[in-house]
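The same subunit A turns up in both complexes below, where it pairs with subunit B and then with subunit C.
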Partner chain A sequence: MSVAVAQYAALSRRSLVTTIRQPRAFIPPILFPLMFMALSSAAFDRTTQLPGFPPSDSFLQFLICTTIVQGALFASIAAGSDMAHDIEEGFFDRLIASPVARTSILAGRVMGSFVFGFFQAWFYFGVAALFGLTVEGGFLGMLGVTIVAAMFAAGIASIASAFAIRTGSSEAVLGAFPLLFSLMFISGLFFPRTLMDGWFKTAATINPLSHMVEGMRAQVITGLDVSEWLSAVVIAAGFFVVGLTLASLALRRRLSVSS
Partner chain B sequence: MSTSEVTWGIARRSIVLITRLPSAFFPSLMMPVFLTISFAGAFSGIVELPGFPAEKAIDWFIPMTTIQGAAFAGITTGMSVARDFESGFYDRFLASPASRASLLGGTLLAATLRALAPLCLLTFVAVVAGANLHAGAMTIVVLGVACLGVGLCAGAWAVGLAIRFKSTQITPLMQSGMFLAVFLSTAQMPIHLLTGWLHAVARVNPVTNVLQLARQGFLGDVTWSTTWPGLVALAGMIVFLVGFAYRGMQRVIP
Partner chain C sequence: MQGTDGHVVAEGLVRRFGTIEAVAGIDLVIAPGEIFGFLGPNGAGKSTTVRMLTTLLRPTAGRAWVAGYDIVEQSDAVRRSIGVALQDAAIDPLMTGRELLALQAVLHGIPRSASHDRGQVLLEMVGLTGAADRRVGTYSGGMARRLDLALSLIHEPQVLFLDEPTTGLDPNSRFAMWEELRKLNRERGTTVFLTTQYMEEADELTGRVAIIDDGRIVAQGTPAELKAKVGLPTLQVTMGHGQDAIGAESILMRFGEPVPAPPGAAAVRLEGGASGVAAVVRALDEGKVLLEGLELHLPTLDDVFQEATGRRLEGAEPVTAEPEGQPQR
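Our next item is the complex of A and B:
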């Protein structure tokens, strides 16, 4: 194994272990989407009978991808907050002073979120299965959804890391949360866009999250659909590329100030 | 100082803190506005469900988000008490000759008054967004009664926890307790359209009756038969939660 790969692996592992060792940091981001899933699937189950509602066995089947995206979003913001903690506590400066590759500082954090997002999505599928979820796309459909979720988690972790590197403050990272929360709410995540109207429907249609989750949802409610899956992958990759660009620029700027 | 002077002094301090520390109160004011826009926009199609009682989604959701705003406002009072415990300031109150009842009374009065802020803001939002006020001014009166009652209950819950844990780290429990109390009711759908376990829980949750009280003017006329169950539920919640806070206040040692 080359030195660079070993460094990437070590920092990814550290990012994952840091998350797992802080139950207070990772349990709420996992539990809140589950709680929302339980409440909404019981409250809105009858809405699946509405004309225009995508053909679904239950609201749970419609909602599961929303839960997965919510979980990825929450956990990745927490990852960005951890990065800010590293800066606040001086660990980041020690990394810079060491001979470690600069890119591994960022890649480690992002890869940690990718892995966490991937397994978190499988966990949500497992919990929902206990409550009767059926996935029309089968194992491959679930694998497709979890891959998109992991890419999205890495993208949001990059954006949160960009905030962290730029500001060096975990409060500022958490302050960005309402912005991402709004992006999630004004979309087709919680209800079909076909049943919305007015400016809200327009805003939800412009929001790329709507199209990403619809691409994921197709695998669950209609069966394997490669074109829908690819559209979800492209959007998740878009978040990843934008996030990574912002984070790289922020890192370069911080390094130039430090040196 | 008399008991009423102490009560008013504590309440006044808590209200003044809003202007001194707006970052602690402002999110609790804006969150219900955001929830209103999100729920009324995202779930606009649910009015098409057979048996759904509202003409517009905003008529159904705005009383719920106003109640949620009142609960958030009450919780910020508890958060202030927790901060005062952390800084040691509250210990000075406890060591003073003021009665524990007046200390608690002042804090709970502030929680109730703080609930007026989301009530006013969301009434404005309701009017601007074209919500139906079928019962005219009475729509806002019954909504106001429900809000002030919920603000008091949330304040008592949050203060009771703050007194017992003496730390702002208990804030998530304050928030999630009220969040669950509201959402395990008819917050999202009417009782006859709920299914499974949520239907069973919402039937016995007193917040269901409080929401019925708050919503009635947006859905039709204000009547005694839809008002008294809400008032009884509020009275029961107030007795229980103020008792919870009072027991904590009596036992706390500076």
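Our next item is the complex of A and C:
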């Protein structure tokens, strides 16, 4: 194993280990989407009968990908805030005072979110299965969804890291949260776009998140659909590319100012 | 290239933050194997200098070389040659000591097979073998600093930079840390650059010291040289009840220039140095002066600081008057 890969792996591991060792910090962001899933599947189950609603067995089947995306989003913002914490606490200085490859500082954090996002998505599938979820795309469909979730988690983690590196403040990262939250609301995440109207529908259609979740959802409610999956992958990759670019720029700026 | 191996050389090093000049032109030459102290109050520019020398901060002007490498042009080579323990021990409280050592080893590109043994040796060295598998969050301040020291040594650096390694430690932990550093310096020849706001630490631990104030070095030399420059030791005698201070003063005057003393006491600046105390005592005895007390004040680095800046060193601890070279334990 080359030195760079070992550093990359060690920093990813640290990012995961420190997340898991803070149950107070990582359990609520996992549970909140689950609670939301439980409440809305109970409340809105009959909406699946509405004309224009995508053909779903249950609201749970419609909603599971929302839960997965929501969970990935929450966890990845926390990853960004951890990065800011590293800067505040001086761990970041320890890293840059060592001959570690500059890219692995960022890549370690983002990779940690990728792995976390992947397993978190499987966890949500597992919980939903207990409540009768059926996935039309089967195991491959679920695998497809969890891969998109992991990519999306890595993307959001890099966006949050960009904020963290730029500001060096965990409060600033958490302050950006409402922005991402609104992005989630003005989308097809919680309700199908086919039932929307007016400016909201326009906004939701512009929002790439809508298309990503619909691409994931197709695997659950209609069955394996490679082209839908690819469109979700492309969007998740887009978040990742944008985030990584922003974060790399922020990192370069911070290193040039400081070093 | 300036210097090699364990050298630290700085020429006109400056760092400005906006209009504030935190470091205003520092020149240094530290030889391999030295323990060099940077003494100064908070905000004097100590940490900024260390951050520049450890490549964490780019200098606004001037140049510096660490272990023979330019800190700006060859920053990667500098980072491979140095160990760094910064002021607020930046240690992840959620990880265990052993995990952090393993991580630090990976960051320095040390293969896993070697890093395990190396980590074990370092844990033993800093006395943390028993606590190695506990999370750092449960460590005391002294333990955290010791772990930080071990972390900074994982790659056997030529030069070790320690920013206030004992600030906030209790005296026992401080002495233990000094002992570690002396041993490290003695056994491996590691050059140690440390900053401190404790005169006692500079005095006890360092071979040479630079006093920094307001971003400038105001005095530099061995602690003994610096103190010798400030002046001679002062001897103050307190007379017993009913004793005539004037008689004592006339005897003391034979040994040096009198200096002001509280009522009932007389003091003199000993021209012959501290070794002249015995002669003074004999003369007083012959002059039938009954003494109640006798105090010898050696010049301290604080006096050096005051001489150079006109102020006392803030946050400084009292230094008990003991002859140079004798540990105060």
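We take it that the second predicted complex is superposed on the first by the 259 of 259 C-alpha atoms of A that agree within 3 Å, B and C clash if a C-alpha of one lies under 4 Å from a C-alpha of the other, contacts with A are read in each partner's own complex, and residues count from 1 in each chain.
Everything below uses one rule, namely that a contact is a pair of C-beta atoms (placed from the backbone, for glycine too) under 8 Å apart; a residue touches a chain by one contact, two chains touch by 3 or more.
Every value quoted in this text rests on a predicted model; they were computed, and no experiment measured them.
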Discussion item. Given the alignment on subunit A, is it a clash or a fit between subunit B and subunit C?
Written reply: fit
Worksheet entry | Superposition-derived angle with apex at the Cα centre of subunit A and sides reaching subunit B and subunit C, degrees in steps of 10 | 90
Discussion item. Tell me the contact category for A:L50 with respect to subunit B and subunit C: first, second, both or neither.
Written reply: first
Worksheet item: If you stack the two complexes on chain A, which partner ends up touching A:Q7: first (subunit B), second (subunit C), both, or neither?
Response: second
Worksheet item: Is A:F185 touching the first partner subunit B, the second partner subunit C, both, or neither of them?
Response: first
Fill in: First (subunit B), second (subunit C), both or neither touched by A:S256
second
Worksheet item: After lining up the shared chain so the two structures overlap, which partner does A:S98 touch, if you call subunit B first and subunit C second: first, second, both or neither?
Response: second
Worksheet item: With the two structures placed on a shared chain A, what shortest C-alpha distance in Å links subunit B and subunit C?
Response: 19
Worksheet entry | Touching residues (chain side subunit B, partner subunit A) in the complex | 27, 34, 37-38, 41-46, 48-49, 172, 180, 183-184, 187-189, 193-199
Worksheet entry | Parts of subunit A lying in touch with subunit C, wherever the complex brings them together | 3, 6-7, 10-11, 14, 17-18, 21-22, 89-100, 256-259
Practice prompt. Enumerate the contact residues on subunit A facing subunit B in the complex.
Written response: 28, 35, 39-40, 42-47, 49-52, 178, 182, 185-186, 190-192, 194-200, 203-204
Worksheet, complete the sentence: Within their complex, subunit C touches subunit A through residues 54-58, 75-76, 79-80, 82, 84, 86, 88-92, 94-95, 99, 102-104, 106-109, 112, 135, 151
